[in-house]
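Quick one: the structure is below, questions incoming.
We call the chains A, B and C, going by the order they appear; numbering starts again at 1 in every chain.
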């Protein structure tokens, strides 16, 4: 059976995780903690104010868990030198990026599903259609963040003390998607009419397109020689 | 030396334009009706923003050329543009803040332009920290180029999203009027001269910084050859 | 603090920062030129040493 390199690397990452990796659990736990902290911080009431706070908290959790996830995804291979083997193989760098991105996205999506459930519980919301409307916004946000973080984690993992530089670079770059995501989520949860929601969704789509493309093209300059 | 003459020439042009701009800002242009004399900060605040954004584009373009051609000169240009741009970006935020306080009563207003500039400042800062962390290496240059390019792609989306954020949700805090509703043609002229002055200032400072980086690069190469020659001479 | 003070502070900061940065560049330049002169000295030493070495009788056979 012939598998493309993309599928092969992706399957490897997913299998590693399913067979006892702790990444997804750790991401879920981190999201939980972030949400708890934010409930204490904002002490939200119900209604629209509650919806805004809930949307904000959800996306803070997304950013935090995304950064952890991206670092883990990339550095896991650096740990045992596997990265060298990967780079020496005739594997197309762009395909490697796509696989890393897909893995990070899947991990984040799972963590986000947990976060949404926790958010509804903690912020006294209902499991109704409004929460369902959240899902596309969160998925798009996760994809955008995964694209950004996978590329930047390639850089940070190759520098001594690079752990600090990842959030420093990723957070400002993510701001447009963060604004769009929070606003889309808040309008979805608040039950507002679709127009505004659709607008922010378009911003998220534009963000994703640009950053997936940029990562795809630029990853080879990051993951070049060792 | 030819380079010296160019830098001196640029410096003199800058000085002349700056003096002209200062005259226009403080003597020629009339005081604005609503805001009073504090409004004159605007004439230097806006050119700083123009320079900060233009320099950022330059970092990205230099990054593209560096990745494409692999020549160190492009990285030197990119780094010079990043450092110079950072200086002017900081000035935008500081002058914007000083302008905001007497007019709107708060040191910081989350209006769309200032917020976008803040993000730009953070992106510049991230780039410079990355370069500091990576040190004087080919890897640092390569990573810097990638980050510079990605950040520049980000900026237009930042501008759009922040503007939507501010218009769909008008701030509880005060939003600033569009600063370009200038009625009096003297104000327009003053702004244009200030823009020219700051463009000249930017080019001059960029050249100065670029030259030091080129020299540093060349000295590095020279030091290596020299060390080799000296080692060979020991035998 | 009245409006004139704000105006003054803003322009003062602009000039201080720009002047400071130019000064920073100028000092970098001076340090690099000093480094260059040091290297030129070393190069001259190498040249002189090379000529002297060539004139020396070789050790060993």
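FYI, a contact is a pair of C-beta atoms (placed from the backbone, for glycine too) under 8 Å apart; a residue touches a chain by one contact, two chains touch by 3 or more.
For clarity, every value in this text was computed on a predicted model and none was experimentally measured.
Chain B has the Cα centre that lies closest to the mean of all protein Cα atoms in view. When you average the Cα atoms of each chain and compare centres, the chain farthest from chain C turns out to be A.
In whole angstrom, the spacing between the mean C-alpha positions of chain B and chain C is 24.
If each chain is reduced to the centroid of its CA atoms, chain A and chain C end up 46 Å from each other.
Here the spacing of chain A and chain B, counted between their Cα centres, is 31 Å. Multi-chain contact residues, meaning those touching two or more other chains, do not occur anywhere in chain C.
By the touch criterion given at the top, residues 1, 3-4, 6-7, 9-11, 13-14, 17-18, 21-22, 25-26, 28-29, 32, 35-36, 39, 42-43, 46, 49-50, 53 of chain C touch chain B in their complex. Chain B meets chain A in the complex at residues 67, 119, 122-123, 125-126, 129-130, 133-134, 139, 142-143, 145-147, 149-151, 153-154, 157-158, 160-162, 164-165, 168-169. By the touch rule above, chain A contacts chain B in their complex via residues 148, 151-152, 155, 158-162, 164-165, 168-169, 171-173, 175-177, 179-180, 183, 196, 199-200, 203, 206-207, 210-211, 214, 218, 221-222, 224. The touching residues of chain B, counted against chain C in their complex, run 36-38, 40-41, 44-45, 48, 84, 87, 90-91, 94-95, 98-99, 101-102, 201, 205, 208-209, 211-212, 215-216, 219, 222-223, 226, 229-230, 233.
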